[in-house]
Amino acid sequence: MNQQVCVVVGVGEGNGAALARAFHREGVTLALLARGTAFITSLAAELDNARAYACDVTDAAAVRDAFARIRSELGEPSSVVYNAGAGVWGDIESIDPEAFENAWRVNAYGALLVSQQVIPAMKAAGSGTIVFIGATASRRGGPRTAAFAPAKAAQRSLAESMARSLWPHGIHVALIAVDAIVDMPRTRRSMPDKPDSFFLRPDDMAASAVWLSKQPRSAWTFEIDVRPFGEKW
Amino acid sequence: MNQQVCVVVGVGEGNGAALARAFHREGVTLALLARGTAFITSLAAELDNARAYACDVTDAAAVRDAFARIRSELGEPSSVVYNAGAGVWGDIESIDPEAFENAWRVNAYGALLVSQQVIPAMKAAGSGTIVFIGATASRRGGPRTAAFAPAKAAQRSLAESMARSLWPHGIHVALIAVDAIVDMPRTRRSMPDKPDSFFLRPDDMAASAVWLSKQPRSAWTFEIDVRPFGEKW
Amino acid sequence: MNQQVCVVVGVGEGNGAALARAFHREGVTLALLARGTAFITSLAAELDNARAYACDVTDAAAVRDAFARIRSELGEPSSVVYNAGAGVWGDIESIDPEAFENAWRVNAYGALLVSQQVIPAMKAAGSGTIVFIGATASRRGGPRTAAFAPAKAAQRSLAESMARSLWPHGIHVALIAVDAIVDMPRTRRSMPDKPDSFFLRPDDMAASAVWLSKQPRSAWTFEIDVRPFGEKW
Amino acid sequence: MNQQVCVVVGVGEGNGAALARAFHREGVTLALLARGTAFITSLAAELDNARAYACDVTDAAAVRDAFARIRSELGEPSSVVYNAGAGVWGDIESIDPEAFENAWRVNAYGALLVSQQVIPAMKAAGSGTIVFIGATASRRGGPRTAAFAPAKAAQRSLAESMARSLWPHGIHVALIAVDAIVDMPRTRRSMPDKPDSFFLRPDDMAASAVWLSKQPRSAWTFEIDVRPFGEKW
């Protein structure tokens, strides 16, 4: 059967759920990955053609197992959106080495593990899409992103290396640098005075991820930035 | 009447024509600008809802006149694609000051003149799109782009300044950095040994320009790169 | 005679005077260029081995004449520091095309004219140094630098193109991106509440320009940023 | 006693030894760190005021112990040059997760561990210097640097975060991006046809590290690139 399989890694409310819904609207079969099962199970139940896979992306064996199940239950993935991300806030003096390592594991090491699972079949097919969801921190280190920014910079560098080696095999690797506060109940509560125009709507960001997955291959894009029209930058 | 007006500046075969056709498919009324009239007149005749305007973008009075006619004949532009570009190849020792100046006039000064014509109405409407077609040289100076790269860098810097001041007014300013040799009869003839995958197809690039013009404003993009999947970068 | 000749272009109080003094301490013969003569004449009188040359760097004939006199009176320049800079503040809506052009003429076009005067002799000698004094705006366009940033970006791009074509001939082209408010009576008066640590001292910046002129050529630098330790960035 | 203590981390032949010798010429007391002891022991014996400390920078306890000994035997470090670096070559398909992790541990995690050892005393003193030795890969991912580039990008991002939080405390954090093949017996043997001008001489690079450590603090530099004058870039 010809149904395409899209894996969304890091599905919580916010960007992850919006990415899942956006690709769902494209008619693909979805694999939803997250560390916990509650959110992805309920989202999978709501959508047709979607399954939930609990997976800690920092654990090589868990990643291997999850993708073995996806391949067996849904088929080879033709697209992956890597939205897993985490990072404590803090400067060099306040973060501890464990937090520094954990941010790297989720953002960069997990990205490697997941990519290595899907590349062989994409290469054999001569097509595929891998989109990483980056951040402002992918491009620069701020005073208080001593743990998060190095992890996101490593992810961006890996994505760039992958793009340059995999594009010629027909695999479109791209990165979306989200330079914004995402509109979610949690962020709204913590910033009650900000107007609507301050926030990035996850559905709007996800539209760009879908667009990247459809770009004709004579004019592929590696990197785009997204931010709200009303924001200072 | 509600018909939207799109101005494509710098319409020749290649990217300019492809941009015109792509926005035409979106149902807008087109104003096609070029220094010479032959190509734009025949293209306008081929497309519905398109008019040709001869205009040297380096001439402030000519730009003013062309946009006065556009406003009067078609209405206020809601989008502009700035594709005017020119530049001799050569290093610092071989270019002359006139060539250096001319490259800047076409790529940067003309961009300012055109933008200043359309901003007031866009600002009043609270919406609009201005897309600049950049190049690899927008981002870095090469040994043999001593005239072209400074002109493209100035254009990119102007676009960034505009994005940061105009986005909050609802005007989406963006730049497409074309990092490729464009597929045209001329480039094919000069590089007869290159495979199809070496060239960027203008229609494919134009699809990204159209997409930028439709991005929802809570997640706007300032800059994208485009290049063929098979190319080394 | 073996006395080295250093040309400082754009000598006023602040960075220009500091650059002149710093290279003077290195024992070179100085040519001081500025549009007006008052400041450079008095500075030349104060320093040994220094001469003042009135020169509008945006005027090709004036540049040619000034360098003809320098060559005849002092000898071929072995180093140039290009500190000419100007730019009105304003966004795309408030600047006029003349201001946009003038900023480009002083920062970029003049840089080309001056460089073309000194390259032939430097190339024949197999050595030389050309240092451009850039700014934050060399790297990005801000909302209110619609005239200044495109000019500085063009200058930076030209410098990069020159570096890549001239380094192999032994000519060290480099750029210092000054990301700071310079400590001068004028800036102090306009920001009376700022502490000392807020300002960049011109002598300290000039020390980096001298250092660049002495770097051993197996490890040359193209670009450095400079800013005060206490400043936010 | 007022003798300053400089720690060079990652001392082998090539850049590490050159950095040690360059700071030694400045009259500081040296602590030389490397995983193996043979090279640093013989170098310490050759230099006055130098001690060797075997230390695996990826091991938090080993780093803690080494710096406890340095503090006790030599005093608080006033400068650190972080030259530890490692990385297998390979694209995303050929590297394994262990190699990816190890590159990150040496280049980024070790950089965090070492920095956290010296920051408290530097902060108390209101002065200090931490210089990271980066690479071309610090700035971009190449097809065959899927392990190395993400590690170097993480290091650069950490350095930038540190610079922005520590400069106001008088601690100068900087990075040297070495964009070159270093002149060493090993590299000469593997590239026997390259001319002298192709290689970066470690002593010349080290001169820039010393210069950074002396920059006056009203005009500090975060990042410089270094490469041979004759090289293509």
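In order of appearance the chains are A, B, C and D, and numbering begins at 1 in each one.
Rule of thumb we're sticking to: contacts are C-beta pairs under 8 Å (C-beta built on N, C-alpha and C of every residue); 3 or more make two chains touch, one makes a residue touch a chain.
Everything numeric here is computed off the predicted structure, so don't read it as measured data.
Asker: Over half of the residue-numbered contact pairs in common: that is the test. Which of B-C, C-D or A-B passes it against A-D?
Answerer: It is B-C that reproduces the contact pattern of A-D.
Asker: Provide the C-alpha centroid distance between chain B and chain D, rounded to the nearest whole angstrom.
Answerer: Between these chains, centre-to-centre, one finds 45 Å.
Asker: How many angstrom lie between the CA centroids of chain B and chain C, rounded to a whole number?
Answerer: About 33 Å separates the centre of chain B from that of chain C.
Asker: Quick check on chain C: which residues sit in contact with 2+ other chains?
Answerer: 164
Asker: Name the graph shape formed by the protein chains and their touching pairs; answer line, ring, star, complete or other.
Answerer: ring
Asker: Quick check on the complex: what are the chain D residues that touch chain A?
Answerer: 60, 91-93, 97, 100-101, 104, 108-109, 112-113, 115-116, 119, 123, 137, 140-146, 149-162, 164-166
Asker: Would you mind writing out the residues of chain A in touch with chain B in their complex?
Answerer: 164, 167-168, 170, 172, 180, 183, 197, 199-201, 203-205, 207-208, 211, 215-233
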